[in-house]
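Alright, structures below, take your time with them.
Note that chain A is present in both complexes that follow, paired respectively with chain B and with chain C.
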Partner chain A sequence: MTATQAIRTVAQGEHPPLQRSAEERRSRTRQRRTFWLLAAPAILGLFGSFVAPLLYMVRMAFNRGSSDGVIEETFTLDTFARAVEDPYYWKVTLDTFLMGLTVAVLCVIVAYPIALFLMRSQSRFKSVLIALAIAPLLTSAVVRTYGWMVILGGGGLINGTLIDLGLITIPLQLANNFTGVIIGLTEIFMPYAILAMMSGFGKLDPRLEEAAGSLGANRIRTFLKVTLPLSLPGALAAGLLVFVLAISTFVTPRLLGGGAVRVLATEIYDQATGLINWPFAAALSILLLLLFGAMIAGYQALVRKLGIDR
Partner chain B sequence: MTASAPAPFKKRVDGGAMAFRVIVALSYLFLLAPLLIVVVIAFSSNQYLSFPPEGFTLRWFAELPQQAGFMQGLQTSLITASAATLIVLVIGVSAALALDRYDVPGKAALSSFFLSPLLVPTIVIALGLVLVLGPLGLTNTYESIVLGHIGITLPYVVRTTLMSLATSDTSCEEAARVLGANAFTVFRRVTLPIIRPGVIAGGVIAFIVSFDEAVISLFVAESGRPTLPVQILRYVEYSADAAVAALSVVLIVFSAVVVVVVERLMGLKRTLA
Partner chain C sequence: MTAVKLTLDRLTKQYRAGLAPAVDRLDMEVEEGHLVALLGPSGCGKTTTLRMVAGLMDPTAGRIVVDGRDITATPVHERGMGMVFQSYALFPHMDVAANVAFGLQMRRVAKSKQTELVRNALDMVKLGHLASRHPKELSGGQQQRVALARALVVEPTLLLLDEPLSNLDAKLRETMRTEIRSIQRRTGATTLFVTHDQDEALDMADRIAVMNGGLIEQFGTPADIYERPRTRFVADFIGRANLFEASVAAASGTGSKGETVYRIDVPGIGTSEAIGEAGLEGSQRTVLVRPHRVQVELGAQPGGLTGTIENVSYTGDALGYSIRLGDVLLQVERHTADGTIPARGEQATVRWAAEDAYVLPEEVRAP
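Coming up: the complex of A and B.
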């Protein structure tokens, strides 16, 4: 019995009910005060850093802006109307969506083998391999994107090698377009996909595969009939997570896109800093938040479902 | 990796298992490709960015201190990341303490509130910050960057501290209190030493997240106080040459140290998942 338990038992057992409730009430008030006192600085910090900016941004979206930076304080749906009426923003939104979808699918495909391997591995180096798979998360996205610019660029690794080998004469257009951005983002979100799949693969029991094997199924059949169906929910959760991250990312589309890739995030930046049309930038952010929120809700519903199933 | 036990009575293990290993190795190669290539470029003696590397040199590293923009960015990043980490440690640890040790209505909601900045796109937070700070004339300051980074680093500190608190035993604190120590002494002499791994891991992650963060810094302080990631971003926008590679290697090494520290203290997977 710990000291806490002892004190609690004594407190509950020995005192008459009336006295206890008065004492308890006093102690509860004191507890509550300490709680809010301890939590207050963080609440304040988060308010200034996060809540106030978001609220202010929502309010800003209902103002009227113009490209010369003048903001008219009002309450109108003009900015939203502009975003909806202009076919250009439909295309940007669609491109953002398609980019997210492609990255999500590719990312799950390349991350899947690593996640499966790490679930199964009994290697001595397993923890090192797990760390190696997650570690890129803690490296700046700017640095990793730069690495992809070096690999995919006009004079980069792939083009340089192919030209040296005499296979091509004109460099392939691998960067400054959606292709480059999609390749880069696929790699950048792999650690997230691996983490999500490893926690989603809970139901995957190697004994089921052994059973399939001993019942005469070959490896490919075992994979298709046992492993794949059981790991599909985890893969789907990972895909949703990557999709959500991909549609809101800025650095990689900006750098690897070289100005040719227009997605919601780059559009928000241009509206906010280049054109200084804050109401419109805010409206586009709300558009992004809606897309984002719908997918996050889907992701959490899926995770909850997986949790219950397990 | 050959350590996984070969099933003694299965004959067809090898072909399929080998193919799987090769696929896994290729996936790892893809995952680590940009970091590996940056290291190669940083030590390559080619004058311009090209392949294959013709020789080995430390020249790019030696030239780093002469790049005024990068050095200034480094200074800004170190100052803001340190300040943000200190603030977030103080407010985050006390918030975690409140969440773990006191049973108060609304606790669960508050707990998800503290983790919520991770659920909102950084670019949206960044825009909101500009909208608030711009009219106040507070953009392009150290303070604006620090304020922006508090929200996105707080969740990590709260989470790692909560993880340590959850496994800690309260009986030592109880004993200290019974022996007459006041609340602050109990925290400093008993609780803090117990939860130190979580606090350090949270602080280290907060620092690297703030140090590496590019979008908020770009929005709130691009012209006046560009941080190192912002400087690199602006630089590679115009030329993806070897000068950045050496700097990137320094940052990669820095991240690697963080990875090892966090892995040792709390386990990387547990902390980031």
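Coming up: the complex of A and C.
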């Protein structure tokens, strides 16, 4: 190639890149349009079914309600003032939180070995075992709650057996209180905990446990030093999930609690449907949302503190 | 460190009844301080063997003996062996120093002593400056060296390495070969090294065990394996090889290392000479000639085997020919400086010194 040819080639070469970038820009615009078009139904659906009702609820909380069901359109903080000033609602909030926490902790403790076992299993029946572990999801929580009422009730399976065996004379108070609700919720949410943990145990490479063994760690120390720290993120995530599910559930506290268990969910239900005080129900709902938020923030702080998000 | 001797005695692993054993009655002796390479194609049972030695898997039958002591039933954490996994298996939730200190911690070594030993181990693998990094923040080669330091810091009696270099790029692989070898020499640890890369095995090992289908085909020095393969599989697996069948005729003398020199008759091509074990006269055997041991002249010349050049490949340093001799396509390799580059279709004559052709002791397997 001669020098002039080379120069000409370079000069010619200046235009095509410009054209190409314009072409590129157009294609990127097209891509963006495709994205929004494809996402539109989901976004609309989400807006219609979640964002809009949520906004409506927030607005509702600033109205004034009364026990005769009349809602006065206004802008007041009355509902919040009532929720904050009445110690009863502090207690309900605290009970809700404690119930969620207890159920989450129990669920994690019970589901952890099961999830670990299912993860590890080399069995041919592994998929069958996993299906069995989550099979309770096939039955609705309402039905399972009734099941627990039969088992835990005063003349129920457990008390009946214990009385027949002569171990007790007066039935244990297992239902119509927090004990019953916690037992029921723990069982009901266990499949979720198992599933969440199994997907959260991703980092748990069996090679790491073998490496620990080859370095002289026995089973217990391998568990404490390697298995546990690496499975903690999965266990925490499962705990958070169960907590969120537990504090927002209504059926089990209402039925197994027998009216004696007052948590935010049952309170909201009573205000909204019994007393038709929608503004106050909305304010309590916002309280519940704040509890969610606080828990998620706490979870993230914990994860960061433990340095397990790496 | 006092080096140990490892003996495998009819070691067998059958994963499931009805399945062919993954490792089949394996016998092997690893001398004190030796580095032995378990070499073989994927799926031949190398990892299975290593895992049984490490105690990560129970053998179906057979014994593992270290310095005369049967350790077959000893659990992994009491074997005191160092293991480097193919995936390195570094603890992701610990920094480099904590990873290396893990074994010392398990042995309840005093904290101050731990710090010193960890520093020494990291210096040995030239990673002292990265002690507080997490495994994720290291390159593959660095992770590999941390794994090595972690395994070596406890002064294991036996070092087990499962394809430790296979996840590294070619250039790093070469460097790490030398590095592992020199560290192994310095520590004197008896070492089992699993690899499917013959160059790695030839380069690093004191002894090579070539495995195939759960069996050891041959156990010997790299030179033995390369020069005197016992089976067609070994000859083919190690290095480039011309293998063809020939009738072994009468012995015609003795080679420089005491082997018998035979006249061989390659059907349809001609006769030549090769060396081999005694007592092969009159049998049908496979003959091995390495491509760079073949001499080649252009044109039909007397006293050699004449054929047609089918292909020529020029790689700068070397010139490769494929020469058609009847049914055999002979690969020949020459240095470029040796002469002009011939054209395809030309005639060429090949010959070899008797010592450069080897009659395999293995009987010809029915195809």
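Going forward, the second predicted complex is superposed on the first by the 237 of 310 C-alpha atoms of A that agree within 3 Å, B and C clash if a C-alpha of one lies under 4 Å from a C-alpha of the other, contacts with A are read in each partner's own complex, and residues count from 1 in each chain.
Everything that follows uses one rule, which is that a contact is a pair of C-beta atoms (placed from the backbone, for glycine too) under 8 Å apart; a residue touches a chain by one contact, two chains touch by 3 or more.
As the structure is a computational prediction, the values presented were derived from the model and not from experiment.
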item	value
Partner chain(s) touched by A:S199 [first = chain B, second = chain C, both, neither]	first
First, second, both or neither for A:M190, with chain B first and chain C second	first
First (chain B), second (chain C), both or neither touched by A:T139	first
Contacts of A:L162 with chain B and chain C, given as first, second, both or neither	neither
Which of chain B and chain C A:G216 touches, first, second, both or neither	second
Touching partner for A:S121 - first (chain B), second (chain C), both, neither	first
Residues of chain A touched, compared between chain B and chain C (which is higher)	B
Which superposed partner A:F292 touches (first chain B, second chain C, both, neither)	first
First (chain B), second (chain C), both or neither touched by A:L208	second
Common ground on chain A, meaning residues reached by chain C in one complex and by chain B in the other	213, 218
In the complex, chain A residues that touch chain C	203, 205, 207-208, 210-218, 221-222, 225-226, 229-230, 307-308, 310
Interfacial residue positions of chain C with respect to chain A in the complex	54-56, 75-83, 85, 87, 89-93, 102-103, 106-107, 134, 136, 150-151, 154, 160
Touching residues (chain side chain B, partner chain A) in the complex	1, 3-5, 10, 12, 16, 20-21, 23-24, 27-28, 30-38, 41, 48-52, 87-88, 90-92, 94-95, 97-99, 102-104, 107, 110, 113-114, 116-117, 119-125, 127-132, 147-152, 154, 158, 169-171, 174-175, 178, 205, 208, 212, 214-215, 218-219, 222, 229, 232-233, 236-237, 240, 244-245, 248, 251-252, 255-256, 258-259, 263, 268-269, 272-273
Chain B-touching residues of chain A, taken from the complex the two chains share	2-4, 7, 31-32, 34-39, 41-46, 48-50, 52-57, 60, 110-111, 113-114, 117, 120-125, 127, 130-151, 153, 155-157, 160-161, 164, 184, 187, 190-191, 195, 198-199, 213, 218-219, 248-251, 254-255, 265, 268-269, 272-273, 278, 281-282, 285, 288-289, 292, 296
